[in-house]
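Presented below is the structure to which this report refers.
Chain naming follows the written order as A, B, C and D, and within any one chain the residues start at number 1.
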Amino acid sequence: MRGPNRRIMSAPLVIVNAKTYESSQGDGAVTLARIMDDLDSRGARLVLAVSAFDLSAVSAAVENIEVWTQHLDPIGFGSNTGRLHPNTAVERGAQGTLINHAENKVDISHVGELLPMVEGKLEVCACAADLQEAEALAALSPMYIAIEPPELIGGVISVTTADPAIVSDTVGLVKSVNPAVRVLCGAGVNTGEDVATALKLGADGVLLASAVTKASDPAAVLANLLSQL
Amino acid sequence: MRGPNRRIMSAPLVIVNAKTYESSQGDGAVTLARIMDDLDSRGARLVLAVSAFDLSAVSAAVENIEVWTQHLDPIGFGSNTGRLHPNTAVERGAQGTLINHAENKVDISHVGELLPMVEGKLEVCACAADLQEAEALAALSPMYIAIEPPELIGGVISVTTADPAIVSDTVGLVKSVNPAVRVLCGAGVNTGEDVATALKLGADGVLLASAVTKASDPAAVLANLLSQL
Amino acid sequence: MRGPNRRIMSAPLVIVNAKTYESSQGDGAVTLARIMDDLDSRGARLVLAVSAFDLSAVSAAVENIEVWTQHLDPIGFGSNTGRLHPNTAVERGAQGTLINHAENKVDISHVGELLPMVEGKLEVCACAADLQEAEALAALSPMYIAIEPPELIGGVISVTTADPAIVSDTVGLVKSVNPAVRVLCGAGVNTGEDVATALKLGADGVLLASAVTKASDPAAVLANLLSQL
Amino acid sequence: MRGPNRRIMSAPLVIVNAKTYESSQGDGAVTLARIMDDLDSRGARLVLAVSAFDLSAVSAAVENIEVWTQHLDPIGFGSNTGRLHPNTAVERGAQGTLINHAENKVDISHVGELLPMVEGKLEVCACAADLQEAEALAALSPMYIAIEPPELIGGVISVTTADPAIVSDTVGLVKSVNPAVRVLCGAGVNTGEDVATALKLGADGVLLASAVTKASDPAAVLANLLSQL
């Protein structure tokens, strides 16, 4: 079984966010997880972030990749109907979580309270929709911040074809607030060359979604993404 | 396997809301589900409403009871990171859901949009924290509304010792808006006599939480609750 | 001074929602209010629903029309930083309020708690983005519900050119839940003929916004809207 | 008239948050504002943060103090029914705003988007319910952060009787993230000695509420608070 001790923290991190795409929920989540599990990760840590409903089944289906959840609530045990408790996530196989995704924004104290609750149990990637959010989140010291350089959103321009300063400046801004925070590039990454460029410019990994989940051949897309590591 | 066709809809409904109590999440949820599964339900439909993380494992562990989720989002497939999609719940074994619990309030259109999305796939129990909420929810025609008669909240008075009009008037109010809605008594129920009284006064079942989840012997508490059916 | 006793409740109600349009906030709100104040209302009750910031100044500037607020919170006096207290609105001249506008959705109990708090002090128009919301809101018995018949949203079709059943069925649905609720037509109304048609088909008035607030000559648009009363 | 140019930025800032206390809303807000306006501020900048409904009337009633609003929404002009637009606040006399008060929490991007929108027009005091929130907010560079040192909440211990490190460490933590941010002490301040101690330990001012708004003699309480400047 994989676990925190098996992880080489300096390895590049490649997170696939399954969101609630039809192709990557329910049985589709298990299928995608198995595809990822069978890949040669070429030294990268592969993560699939799944629906809370799918966490248990997906965790049981894989050996080599990590399974994360897409959201958690910083609650204690008790009267919290419908909330997502961190310990239950751990018990069902989660090794990390996304938080504050642009599709699921939370207030500052939500992140601030969650981090100490999950320390040593779950890794956290806080998502930032813009540079200001990234700065604020960096002050809270999550392990990872996924940031979308504004110029790269929409996918027309990739990190490889963009002005290198766009990515390195973004990484630099976050590191200037908190050098310990690792930065994931959350936009402009579609190919192995893009992953390699993002790492070269200072990112510690990438956060992907539809490029993988909506691909007709996810294995091929993922193999390409990992090809230049 | 249990399923909608196995349900006798006129049977009293007994829902245990696991919330995020330590004793009824993770392995504890499975243990509680098995205790419920082994009970003589005496003709009642037994439901355990669990954390989204536990749904899959709990569903796989039981044969006789229904497993519900505690919350759903009325979303389509797509970019909804961290949201709880109804179809994923169905695929992971849910047969129903709570919605609008006092600990997880939603706006009106959340309930209004969810109901047609899950019709024929999931039963819905909309929770009402007071009589006004119950009236508004009744207009949306969920199968069940769980209502807490204000005089019974806090648990000092049970439905058995209370003025019978408190319960029958509450049921009557909801039925006056929509006679097809079934009403669950969500307060003042701790014993089998209370369940029997609630049904006699017009309720179609009960919604329970800590009385079961925090009991040192949940099997005994549940057996007592079902004893007078 | 105008006041509840001056209002003829059976008069058609014409509410202009100033929203936060540049043209209808700050001094613009006062200017628009004065234009409305100087109109021959032809027996209609004219309402301008303004920003909380503008309520006091607009109320002081008019004699004949009513000034409403666009949102209120069902809070008591005390520690509610940044919330909008009903009594403060009354003290600053409000005679009514919108609530649950599609741009400012609230949960059911928000409306349910607000109505008794403001009874006899403020009229309430609860907004419904669709028919289901209208049904649920009707059960709470606000004085008015503003409903947008789905076929009329977008403004291409007006109530006058539409199948009359679209409007009368919408009105009928709300009245079937609660006959005492008055219905405002919130879409498909741009001209005096549209207002007349809406009233003929069972509406008690109209809720307008950009047709007035973005008009180059609001006085002319309003005069036309009132022309067939 | 007072204005940004009249302010001596290095002067201590004393903000009274009127919240929605009965005594400090409506006419009560004007009365309290006049009391503050007539005080010898002893070089401090006095601010009364009022309900949106009261902003216009309170601003018109004072000459020497600043009037702030308690909340703003980072919206543009347009379809934002019930929201609080910064420009309307400015037009109605606001010189600043609170944001992210514990009673009115917002997500990170709410603060992040508001700050550039109001730059040069309104001062912003972002409130932090704990040290983590303060760190995150500091990264967004508001002019002021009001922080409640956890040990001082509840009011039993004042900044004067507390271990001085509690206050100076809190101030130091915020300044370590962003030295340009000024820190207001939001707890443990009831007397002039407390204000003096807070300033001595590195705070640039204080944020008060019930100590003033619920006082039987607010003028005396305020005079005492300002007495050691």
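Here, a residue touches a chain if its C-beta (ideal position, glycine included) is under 8 Å from a C-beta of that chain, and two chains touch if they have at least 3 such contacts.
Source: prediction; values computed, not measured.
Colleague: Which contact partners do subunit A and subunit D have in common?
Modeller: Looking at subunit D and subunit A together, no chain touches each of them.
Colleague: Farthest from subunit D by Cα centre, which chain is it? Let me know.
Modeller: B
Colleague: Same residues or different residues: which describes how subunit A and subunit B meet, taking over half shared numbers as same?
Modeller: same
Colleague: Once you find the CA centre of subunit A and the CA centre of subunit B, what distance in Å lies between them?
Modeller: That gives a centre separation of 35 Å.
Colleague: In angstrom, rounded to a whole number, how far apart do the mean CA points of subunit B and subunit D lie?
Modeller: For subunit B versus subunit D, the centre distance works out to 45 Å.
Colleague: Do you know which subunit A residues sit against two or more other chains?
Modeller: none
Colleague: Please categorise the chain-chain contact pattern as a line, ring, star, complete graph or other.
Modeller: Shape = ring; chains linked end to end, path closes on itself.
Colleague: Identify every two-chain combination in which the chains touch.
Modeller: Applying the touch criterion to every chain pair yields A-B, A-D, B-C, C-D.
Colleague: Could you list, by residue number, the parts of subunit D that touch subunit C in their complex?
Modeller: 17, 19-22, 25-27, 49, 51-57, 69-71, 75-85, 87-89, 91-92, 98, 101-104, 209-210
Colleague: So in the complex, which bits of subunit C are touching subunit B?
Modeller: Going by the criterion above, the answer is residues 100, 105-109, 111-113, 115, 129-130, 132-133, 135-140, 177.
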